[in-house]
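By written order: A, B, C, D and E. Residues from 1 in each chain.
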Amino acid sequence: MNIKKRSTKTGLPPGALIHIGEKKIELAKIKILDYDENQFKEVEAKTIEECFPFKEKPTITWINIDGLHQVDIIEKIGKNFDFHPLLLEDILNTEQRPKIEVFENHIYIVLKMLYYNEKINEINTEQISIIFGQNFVISFQEREGDVFNPIRDRIRTSKGRIRKMGADYLAYTLMDSIVDNYFTILEKIGEDIEDVEESMITNPTPKTLHAIHLLKRKMISLRKSVWPLREVVSALERSESSLIHPSTRIYLKDVYDHTIQVIDTVETFRDVLSGMLDVYLSSISNKMNEVMKVLTIIATIFIPLTFIAGVYGMNFEYMPELKWQLGYPAIWFVMIIIGISMMVYFRKKKWI
Amino acid sequence: MNIKKRSTKTGLPPGALIHIGEKKIELAKIKILDYDENQFKEVEAKTIEECFPFKEKPTITWINIDGLHQVDIIEKIGKNFDFHPLLLEDILNTEQRPKIEVFENHIYIVLKMLYYNEKINEINTEQISIIFGQNFVISFQEREGDVFNPIRDRIRTSKGRIRKMGADYLAYTLMDSIVDNYFTILEKIGEDIEDVEESMITNPTPKTLHAIHLLKRKMISLRKSVWPLREVVSALERSESSLIHPSTRIYLKDVYDHTIQVIDTVETFRDVLSGMLDVYLSSISNKMNEVMKVLTIIATIFIPLTFIAGVYGMNFEYMPELKWQLGYPAIWFVMIIIGISMMVYFRKKKWI
Amino acid sequence: MNIKKRSTKTGLPPGALIHIGEKKIELAKIKILDYDENQFKEVEAKTIEECFPFKEKPTITWINIDGLHQVDIIEKIGKNFDFHPLLLEDILNTEQRPKIEVFENHIYIVLKMLYYNEKINEINTEQISIIFGQNFVISFQEREGDVFNPIRDRIRTSKGRIRKMGADYLAYTLMDSIVDNYFTILEKIGEDIEDVEESMITNPTPKTLHAIHLLKRKMISLRKSVWPLREVVSALERSESSLIHPSTRIYLKDVYDHTIQVIDTVETFRDVLSGMLDVYLSSISNKMNEVMKVLTIIATIFIPLTFIAGVYGMNFEYMPELKWQLGYPAIWFVMIIIGISMMVYFRKKKWI
Amino acid sequence: MNIKKRSTKTGLPPGALIHIGEKKIELAKIKILDYDENQFKEVEAKTIEECFPFKEKPTITWINIDGLHQVDIIEKIGKNFDFHPLLLEDILNTEQRPKIEVFENHIYIVLKMLYYNEKINEINTEQISIIFGQNFVISFQEREGDVFNPIRDRIRTSKGRIRKMGADYLAYTLMDSIVDNYFTILEKIGEDIEDVEESMITNPTPKTLHAIHLLKRKMISLRKSVWPLREVVSALERSESSLIHPSTRIYLKDVYDHTIQVIDTVETFRDVLSGMLDVYLSSISNKMNEVMKVLTIIATIFIPLTFIAGVYGMNFEYMPELKWQLGYPAIWFVMIIIGISMMVYFRKKKWI
Amino acid sequence: MNIKKRSTKTGLPPGALIHIGEKKIELAKIKILDYDENQFKEVEAKTIEECFPFKEKPTITWINIDGLHQVDIIEKIGKNFDFHPLLLEDILNTEQRPKIEVFENHIYIVLKMLYYNEKINEINTEQISIIFGQNFVISFQEREGDVFNPIRDRIRTSKGRIRKMGADYLAYTLMDSIVDNYFTILEKIGEDIEDVEESMITNPTPKTLHAIHLLKRKMISLRKSVWPLREVVSALERSESSLIHPSTRIYLKDVYDHTIQVIDTVETFRDVLSGMLDVYLSSISNKMNEVMKVLTIIATIFIPLTFIAGVYGMNFEYMPELKWQLGYPAIWFVMIIIGISMMVYFRKKKWI
């Protein structure tokens, strides 16, 4: 239900730079990685101005910015790199839908990074904006901490082909690691589903219902992040922008395949959860049925017997049976016969 | 269910100007804003004829008309600006679906403005018609009061780029502010959903059911306003009309993205509400189960005991047990044993 | 479920002229309206041959035939106007789906006219076939009485532009009045839905269920008439036939918009009705829950008390309590304590 | 669930001729109809070789083969007419989906003929393969008896245009009579649905449920036969093969319309049946509610009264009320008051 | 829920060769079949290097590798045949979705082979990768044992056309036998569905519910394997790669038809299972209804009678009825009348 704060922008001119979303970090952090096949440099910048000299160099520069609430940083980058005001607005609005915008000199991609918060058993979403041009990649995150560390290591150690390829390949690896991270989330949810499924079969309780409901809610929000991703990756792969080298396309196809697989899994989970709710409802009905049967058996056997006992508890002066020598054992006999025939009837009905 | 009054038109020739809808204002109000980069003029017109001179001037003229029941005003504008009779008919029919019609010299857009009426907890809909040409924008509203005031202020104070751009940009800003307003409505509904969800879990009552039903009804009517919007914005963006400048297209793309986001949220809410109804039904079943269990436990323990008491309340003359010294304590013992074993059985069944 | 009688045709050669459907009128009625901008003539023809001379005249001729069971009339028209045998077969088969067939010299349209039969609260369907060529429109109806009278009046009094336009415009006005008539039906259904909805909330009974079921059935049959209409109107609008003048196309676009609106409303009604059934089921569950609670409360309070009374009704000779002076008030005290604590328990459970 | 026996083919080379399906006839029957506008000949062939001479003649030859288990017949025809091995394999596999294959010299169509088996109230399916070329049509059926007799009569008596048209027209009439036959089946099902619907409203029993379930199963299997048909007919109509004369295309369009109508009806029936299940479930809930009410009313009135009677059945020595002259009428008065006030309460709750 | 282990790859560079999935075999087995129309050779290779000489020969070489955990084998093949690193990565990742990748010199296909594990009543999935070029087919399996033995026999015995055709035909036969194998699985599931259906009608128990749930789960996982298959086969058939000979295309069309049939059956099963769950729920409701009726009948008859008996069990001193000579038979008469009229009432309600 994360659409809060969006309304604060109503009525403002388009391109107005206002941060929409929670402030998740105290001070924005700017990290620069600059490299080509032969050289590598890593800088933790204090001011955004430190980044601008790299723009002129032919080496690939990756500028990563954690924290979006310092609007002036975004604005300065925008001016220096000549980004459209609407693009800057989109970076700041953390309620964006994953999307891609292809400009002449750069491509802008919005993605959602997912974190599994073990403590409160919730999936947190962080918006990642990636802009890449001929020789630069700029990534914007809402807070510190990401899934990009292995990529940083590969750049530092020149592992794989990353140092030999262009900015488009770096952008691809960023996207790839975000999509790969989805599998971790899905595995976690998959385990949760299996847990709930087992408890649903062995002992369905209102808690099980609540757990199914929560998982369904998670799938709805996951879906919202994942479905648009498909179009994003597909548009990037099919785009005719010269910023994407032919050799990168096969890698994009690979990310696309992974995205489809994520979507597939999400849809499968949804199907499974829907089925589970149906089964849960049926289990509840079954349990109620069982409770009803116990009540009916006991009541049906003893209510007539109690009636008979009541009859011979009446105080009429003239009740011949009461005088009979064998009246009492006879009445016991009758009652036992009635009880047994009831039992037989229930057994025939397969209630016991 | 707002399709009333539509039938009054059956059988009339096409283009017949008849106002369909409630009369929501006493007298139509005509406001004119005329501006270019250097000048600005604001006029509250008494008669519609006051607007016509602006048509010849090269400046951008925004004519806003509140109130549709004075058919002659619409007719005069239609004649002066050379609008097709069917277009005028559409303006007057407030039961229109959002749509776009591209003519040679002007483009006609119908949108739905939404208001959240806090008092009766309902969403009100107002139809906004926007016609824009080379140098004019005419907007028709059903009543006074709208979400355009920030735009008027931006024109007055020349904030942003609005005074530098053409009529298409003005039309865009009108559409943008209407779409942005949808987010406010959705946030309100989002809060309502969260409230209902909480009460559904803590204490599901028939009122909860009614609230879910009302929210579902709201989503159905919202959907009706929002889905066609997508086609409208997309058609406008892709239209090849010369009335839309290339620089405006990126802004239209932005409105389109927002529209998709609105649709996404509406669909997500629908999914969530469907899930909630299922959970509600399951909760009711759970509660009934609990009630049944209490009944069954009490009845199953005491009915057999009452039977035993009934037996020894019988008045047979020959009942040996009644004479026994320890008959009474013995019978208490038997009854307590039966009661305890029942309890043990229920605990084994996990009913208590 | 109106697919009866269709089977009588199985095995016949294609183009075999057999009337499928009820005979709804005694004798077929043929009415001719012949007009152009300057002249107008109205003829009630006795034989179909009277119509043929009009064919040669340049004026627009509208031949309306009520009643389809006189197959020879259809056959003669077919021969005279050179219609394909399959077209004639389609006119006679009143179980047609709305459709359009574009021939070289004429266009054939099948539509469904709907009537609301107040007495039996049902929607009746009548098939209308419209064939139009360069200077003629022929309409076939199953029985007398239609929604075309306002059109006839417009032709007679030369109101609107109808006398100035061609046969395609006349065909359009016929379609338009049929589609406009759908709104009347939908308004009626909309009112019914609101009535049922209210009674569903205030007092859900099996009658409510039956009413929802009937409304759903109506929507299913409405849908069958309305969905294909969309394709028909759209195909007509996009057709490249020279029989349709460019100036008529904008009017067809207008009918198309109305059709979409009808479909939208039908779908909305379906959604609303589905939701209502869910709410009805939940209401029933709620009511059952309430009934169960009353039973459980009464039974749970009095069954233990009755047991206690039963105990002291036993006739054991040695029961010390019976001899106590305060035995009777003491037992009342115990029973009242038990009753009150049960009540407290139920109040805690929020059952009372 | 008719997918049995399909597995016997696993692992065989493609084109291996093995009959999959039941053997429904003892000996294959070969019937030949050879005709053109002026002549007509009918032959019941003993061996398949008798058919081959007709191939060279310019007249239209219709070879109909009942029974597919004699694989050698199919093989010989295949060799003589030069059919692809996969085509022959498809003829023998009676678990085919309706489909069309366009070869250079012939077109191969697979359809499903439906029979309503009144005895066991089931729909039987028979696979019909039709191959037609320039001057021949070969039809393969699983058993004797079909819906083609009226066509044979039309050929024999030269009724309609069939003798004047080519092999494509003959193939069309075969398809047309199969599709027309679907309407008979649908009418039968329509009647069944109406019967069940009535009994569902007047007296819902488990039998009603079973009947709805069976009808749903029928619709699922019907759907499987009918949906692919649409593509088949549409592909045939749009095919550019020279084997289909332009004059035949309008007839194919007609079959296509009928197919759409069949699909429409099937989908409508599915909708209606879904709705019926919901209504059935609600009816059951309603009935249970009624049962519960009777139980609750009786129990709630008499349990407290029985308690009171029990109290005064106690044997305490000191119970002052028992000594009162008016104790007995007073207690009756109290009990009647309690009973009446319970009744008033239930009437207020609208339970009685 | 088989998405485990996938996360071990997060953060690795693309093309990193890591086996994802269970290790299902101890040592990888390499089998080579080399043949053309005239010669045939079968080799069980010890090392992968033995395969490479075959690459240069014009004969068709089929290399089959069982076991994927020995990454170096895959790597060496990749280097020797010049496969893209991403392709090798995909072979090793056994969580792939069925897919096709067309390269210049070879085509890569991923499929899922299904096994029915009778013991634990589960469907096991094994990933098969097939790569074919001009004169070679390489197939990778997760473990030993497959459905390819009949193909091997056909090659050995030169049965059918397989020895005369190219590598594309061999790849087709592999795909064909995998798809054909799906029918075996579906037949097994079809039988299971029929079993469950019968028990659902005769005696619905919680076990039935569990069985339906398991079958639904199976369909969901089957669907995941089967749906993408459609695109794979269709892409292969439509691909313009010169590796596929025109004469092979018709066979691919045949596999495509089979795939559609598999999908059709899966969807039909899903429909049937959904319907079964609904019927199950209704059956449970019916049974509960029956239980309730028995309880209500017994309770409603005897509770009032017990009350009457209770009344005459009261110990009031002045109770005139008790003194009457005929009091006792009269009270029996009254009670029998009450009992009978209750029975009549229930019979009228059709409860008994």
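Details
Rule of thumb we're sticking to: a contact is a pair of C-beta atoms (placed from the backbone, for glycine too) under 8 Å apart; a residue touches a chain by one contact, two chains touch by 3 or more.
Model, not experiment: these values are computed from the prediction.
Within the contact network of the assembly, the step distance from chain B to chain C comes to 1. The minimal number of chain-to-chain contact steps leading from chain C to chain D is 1.
Of all chains in the assembly, those touching chain A and also chain D are E. At the interface between chain D and chain E, two copies of one sequence, fewer than half of the residue numbers in use are shared by both copies.
We define each chain's centre as the mean of its Cα atoms; on that basis chain A and chain C are separated by 42 Å.
Look at where the CA atoms of chain A average out and do the same for chain E: the two points lie 26 Å apart. Contacts with at least two other chains are made by residues 281, 285, 288, 292, 295, 299, 303, 306, 310, 313-315, 319 of chain A. In terms of inter-chain touching, the protein chains here make up one closed cycle, each touching precisely two others. Taken in their complex, chain C has these residues touching chain D: 1, 3-4, 6-7, 9-16, 84, 86, 95-97, 99, 101, 203, 206, 209-210, 213, 216-217, 220-221, 224, 277, 280-281, 284-285, 287-288, 291-292, 294-295, 298-299, 302-303, 305-306, 309-310, 312-315, 319, 321-328, 331.
Of all the residues in chain D, the ones that touch chain C in their complex are 147, 149-151, 154, 159-162, 173, 176-177, 180-181, 183-184, 186-187, 190, 193-194, 201, 250-251, 253-254, 257, 260-261, 264-265, 268, 271-272, 275, 278-279, 281-283, 285-286, 288-289, 292-293, 295-296, 299-300, 303-304, 306-307, 310-311, 313-319, 350-351.
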